[in-house]
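Below, subunit A partners subunit B and then partners subunit C, in two separate complexes.
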Partner chain A sequence: MNRLHDIEVYSPKTLEEALEILRREGDRVKVIAGGTDLIIQMKDGIMPRKNLLNIYSIDELRYIRMGNDSIRIGALTSFTDIASSALIRNYARILADAANTIGSIQIMNKASIGGNLVNASPAADSIPPLYVLDAVLVLRSVEGVREVPIQSFYRGYKKLDIRSDELLTEVRVRRMAEDEDGIFLKHGLRLGDAISVVNAALLVKWDGDDRFKDVKIALGAVAPTVVRARSCEEALTGKELNDSTIWDAASKVVNDISPIDDVRGTAEYRREMSVNLLYIGLWEIINKRNQAGW
Partner chain B sequence: MARKKQLLETAETYVSVSMKVNGVPCSAKIEPRTLLVHFLRDVLGLTGTHWGCDTGNCGACTVIMNGKSVKSCNIFAVQADGAEIITIEGLAKDGQLHPIQEAFWENHGLQCGFCTPGFIMQAYWLLQQNPNPTEEEVRRGISGNICRCTGYQNIVKAILTAAEKMKR
Partner chain C sequence: MQQFRWVGRPIPRLDALDKAVGRTKYPSDYYMDNMLWGKVLRSKYPHAKILSIDVSKALKHPGVVAVFTHKDIPNNRFGLFHKDRPVLCDDKVRYIGDPVALVAAETPEAAEDAANLIDVRYEPLPVVDDVFKAVEGDGAKVHERGNVARQTRITFGDVEEAFDNAEVIVENTYRTGAQIHAYLETEAGLSYIDEKGRITIVSCGQSPYRDKKEICETLALPEEKVRVIIPPVGGAFGGKDDISVQIFLALITLKTGRPAKMFLSREESTISSTKRHMAYITMKTAADKNGKLLANQTEIILDTGAYEGLGPAVLDVAIENCNGPYKIPNIDIKAKLVYTNNYFASAFRGFGAPQVMFAIESQVDAIAEKLGLDPIEIRLRNVVRRGDYGVFRNKIEGSVGIADALEKARMHELWLRRDDIRKTRHRPWIRQGVGVAAAVKGYTIGALPDKGVVGIELTTDGRFIIKLSSTEIGQGVVAAIAQIAADMLSCHLKNIEIKAADTSQTPDTSVTSASRQLYLAGNALRKASEEMIKKLITAFSIATGEPAYNASVSDGYVVSTSTGRRLSYSEAARILEEKGIGREAFGEYEVPRTTPIPGTLEIPHLFYMYAAAIAHVEVNILTGVVKVKKLVLLPDAGRVINPQTFTGQVEGAAAQGIGYAVLEDAKIEQGILRTINLSTYLIPSIKDAPAMEVIPIETTEDTGPLGAKGVGEIGIIPVAPAVANAIKHATGVRVLEVPITPERLYRRLKEAGQNTPR
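Moving on to the complex of A and B:
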């Protein structure tokens, strides 16, 4: 492990100051938010020595607000605040449920949504929900503002559409409609502080005949980035929902993923778990609707 | 003391931090990348906060920062600049153990004791959030803390007992 000394830390108190430092220093500084990913990477020597831009005390980046047709979440908002927000629980429940599984309480208390997104682990639990909720990421620099849809933000394994003078300042998610249901599923090796072996977010829109008018499925930890399960989505849209169509659709997920072997599981295990998770998740969504008296 | 000297004197660029620890204002000039756990243990001499895995997994280093439990091995002291910190040393008042400490003692909630300060601080936060937890909620609440000795049963029992004591 590396000793972590002899570097400079900038701790601006406002967004404006932070952006000015980023403009001036660019690649010479590394942004630190909650630090739950970065500090470990620095200790392991994965991170080249860089000066730090500590944004943790920029409170103006901590908020959850209702926008015109989206919910706006400040990049520094912690997963504890996201999990307990009434707005998010009511209108973007899938994200609240995912937030509740991120690490343990101590990690949720400090880990920020912005850090989860920019760290860009394929297993990051907030990303699949944000894919199905059509999230838009707001990137700011001294030059101006860019709004990037989440799917084009990720260009490959840890390859992101963000410049060195830009800060992620906000995440916008669409509000779920009355005729939509969703679920977040995570398979980890234990319940607390477990990185996902496979995770998934499902969002369905019902038509009048108890079929899916639209389905969105995103999975994590099974490819270099989070992926949409298009073959599976297609196999469900407009179809009658019975055990065989659901099993067939869930089985198709293997066409959409490209998992690898790692310390948490083999590629084969991940393929099997992906099918199982989707099968379980789809039935949960359907049963919930049936119980609700439809 | 050697470690303290190192932290205080070898830095090429010092930074000043000040925070309130267990109600007492403290400030020091330190290396910028000093972790909060080392600041507490080596600069302030508060060795009740333990340092175990150093990877954010075991929870032995749990302290309360601005009202929330965090793992102090996973946070730089500069990120806690201006914060209010509570450590295990801040719980007993006037020689009286805190009810959570009493409950751990009475219920044999520890064996070697290495994990105990972390569990107690996490329980402190948990019971503040939820004074009436179910067993399930206690287990979820302490899932970020690892104990290699007790098998957790008595830790859970201790926290449930503490909840009862604190209502009295």
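Moving on to the complex of A and C:
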């Protein structure tokens, strides 16, 4: 176990100062927010020991605001705040639901959405909802601002489109419309505080004909990054929806994922759980629409 | 039932406030000036020959004061039943937690870095990772004596004849997992030389006197040179019954003269600490057409891992309880304790009983189903009642509450709604069910000798100090003893002070285990109290000239029943002091026992605790996730001393039972533990702990202190089979292996074709 007592920690009070330190130090520092992943990784030697840029006290990065047609979430916003935000509960409910299952109360209080995104665990619960909500990540540096769609932010296992002088400062998500519905699903090995074996977010747009005009599905923990289930989306869009068609569509997810065996489950189990979870999600969405069931 | 002033009331525990506000000092909270840190280098391999150990580089590391190996241990084998465990490994390592060398350094960092500089050359040996291969005997041996540490066979009646005449026979093989104690506080302690020159170890533990004995024996120290103190411990559950850091700490202080501290990381604790025995149990059980159990043939294999520890006794408890709380006329039990390189198994709450109860309670349920009988009815037709003879032809003379518990379970609303619950499907993939299980376990250590002493000191201001070596491991025994003492000595609870577990100041009250410390210490306290009351009355006679038979004690006074004259306890203390009679009293209690039946160490017990449990589960057939929605626990633990503590004990045990039943999966692959922290080894979170209802079945144990018996273990024992039986009720699938993890259950449901939503 590595000790961290002798590393340098920069603790700027403003975003401007933080960006200046990043410009100067670049790769020599690692940004720390809540630290719920980073500290463990540095102690375990998974992450090299580096000096830290502690942004935790930059309160200007903690907010949830309504934008023109998006919701803007400051990168330091905690999952407790996201889960309990009326704005998010009303307009991006699947993100609030994911935030609620991310970990224990202590983790939810401490961990930030920006940290979860940059840590880039394939099993991160906040990422699938952000995929289907077309999230845009705002990256700032002394040079300026870049806005990166979430799907192009992740380029492979823990490979990110972010420069060493850039700081993730904001996440923007689309507001869900009246004719949209969605669900976040998590399969963990215990009911509380579990790391996902598979997680998924579904977002559908209904047409006037009880069919999906548009479907977006993203899954976590089944590939090096969160992935979209394009085969399922295609099999569902504009199609008649009944028990057998949603099973068939859900089954297609195996084409979109590449799970591995690990201590939490075998690849085979993850494949089956992906199918079953999508079935459950689709059933819930359709059943809500058609309370009589079919 | 007799009413008492203190006993039976839900009084907040004496230690509650200090624990809540963080004032209590646990073993890991002790520090001293000039203190060294100890760090153990543990084995890299599950099984390997040690060719050489070179500590020269470690010794040169800055901050290192000493490095110890087996050469520093005068008697390098210890163990409670069989001395097979080295303090520091010499010839071989036998599991990945095995200690090879010990570093003492000025800082924990230096100690850890130096440990990594020790150059140990190993010759890896074939890993014995399977009990069945281990017993075949042609492969690698964990110990020279062979891989079967103990085996025995116990038979009564004739099972074969009974099978011939049976209406129904059920045969299954069950497997149960290696549970990890996962106490809040990992193993920790501090050692130093006290004012009298004794090597003093303040550490976790469950038995100060036994720990002291093992320290003295291995390090060849005279008894008077060692003192062991066990402060309140952050959880033990049997996992601190065996030695962990104690001998290491004593060794550092012995060799350096300096204080030393150790505090294991979660990972080191998880790898090195003892675990619950994995068990393989085959059972063939027969009944007649009325559901009367006729025969039970059982084969039990317990994997004890690298060392025996308390394994031989755990095997006995498994043997003793594998027939459940039932009268079965014909039994045949073959049992083996087998060495492997998987881990090191020893004591864990339930001590062999949870494994076998999972098997027999699944069997009984299966028989009920075959006969179309209600699961509670079949149990009631077979349970032992007071005065009956048990399976070992032993007369059950202690209190027996199992029939009452099952009768109450049968009338519980959850059981009455059982079929409605099963039919309710709020989602096509959710199945609900309700299951029941009974449980039994002896408390006390059975036919093994067991005695304890408790002392009482009357202070000059008329209060009492109770001195005993019970260890407060979270269970509440110290507060319960205070409550009993206040009634026995007839005084206010605030006038009772407890001094516990310091070998230089408190008498030997034996080990805190087997759910019996309250029973043992309580009975010793009763004797000491009688002695103390005699002294108080003697003081009264001296002061008043009235005869002793006129006097009795009442609320802090000795009172004459004829004249009404009274003498306060503080006045009595003064008189006892002046007259040289002394203000101390001791009581010794030896637990009654029988002679063990041939082939066993400690069977049978004279005293048993019982329980019934009802579990309501919800199974997601598309994921295999089991949600325990409600648990009803009906423990018979005799007279309840403190309802709050009692409920806490039972609920805590039941939560641990849920972990055992559905969550806690210690993955060991070829001798390597893969789940070394609490992110991969999953214990129940608050969301996994269901609504629980604890209904005490209060029987009076005549031999117990004010009618009490033990309660520490019984809460965990019926949970896994109750959950498994509920899963069967919900899905039609019987699981034969715990923990019933989602992936495992999902596969079983799929094999059985039971995972189609509808």
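In this text, the second predicted complex is superposed on the first by the 291 of 294 C-alpha atoms of A that agree within 3 Å, B and C clash if a C-alpha of one lies under 4 Å from a C-alpha of the other, contacts with A are read in each partner's own complex, and residues count from 1 in each chain.
Operating definition for what follows: a residue touches a chain if its C-beta (ideal position, glycine included) is under 8 Å from a C-beta of that chain, and two chains touch if they have at least 3 such contacts.
Note that the structure is predicted; figures quoted are calculated from it, not measured.
> Would subunit B and subunit C fit next to each other on subunit A once aligned, or clash?
Partners clash after overlay.
> Can you tell me whether subunit B or subunit C touches more residues on subunit A?
Of subunit B and subunit C, B contacts more residues of subunit A.
> Touch test for A:32: subunit B only (first), subunit C only (second), both, or neither?
First partner only.
> Thinking of the overlay built on chain A, is A:7 touched by subunit B (first), by subunit C (second), by both, or by neither?
first
> Does the superposition put A:140 against subunit B (first), subunit C (second), both, or neither?
neither
> With the two structures laid over each other on chain A, which partner does A:272 touch: subunit B (first), subunit C (second), both, or neither?
Touch status of A:272: second partner only.
> Who does A:52 touch here: subunit B (first), subunit C (second), both, or neither?
In the superposition, A:52 touches subunit B alone.
> After the superposition on A, what does A:172 contact: first (subunit B), second (subunit C), both or neither?
Touch status of A:172: no partner.
> Taking the superposition as given, does A:191 touch the first partner, subunit B, the second, subunit C, both, or neither?
A:191 sits against subunit B and subunit C alike.
> Touch check for A:80: first (subunit B), second (subunit C), both, or neither?
After superposing on A, A:80 lies in contact with subunit B but is clear of subunit C.
> Would you sort A:109 into first (subunit B), second (subunit C), both or neither based on which partner it touches?
Only subunit B is touched by A:109; subunit C is not.
> Indicate the residue numbers of subunit A shared between its subunit B interface and its subunit C interface, in ascending order.
1, 104, 190-193
> Would you mind writing out the residues of subunit B in touch with subunit A in their complex?
10-13, 15, 31-35, 54-57, 59, 62, 68-71, 74-76, 78-79, 81-82, 122, 125-126, 140-145
> Contact residues on subunit A for subunit B in the complex?
Residue positions touching the partner: 1, 4-9, 11, 32, 34-36, 39-40, 42-43, 52, 54, 56-57, 80, 103-107, 109-110, 190-193.
> Considering the complex alone, what residue numbers of subunit C touch subunit A?
109, 112, 265, 267, 427-429, 622-623, 625, 627, 663, 667, 674-675, 679-680, 682, 684-688, 741-743, 746, 757
> Considering the complex alone, what residue numbers of subunit A touch subunit C?
1, 3, 104, 187, 189-195, 197, 263-266, 269, 272-273, 276-277, 279-280, 283
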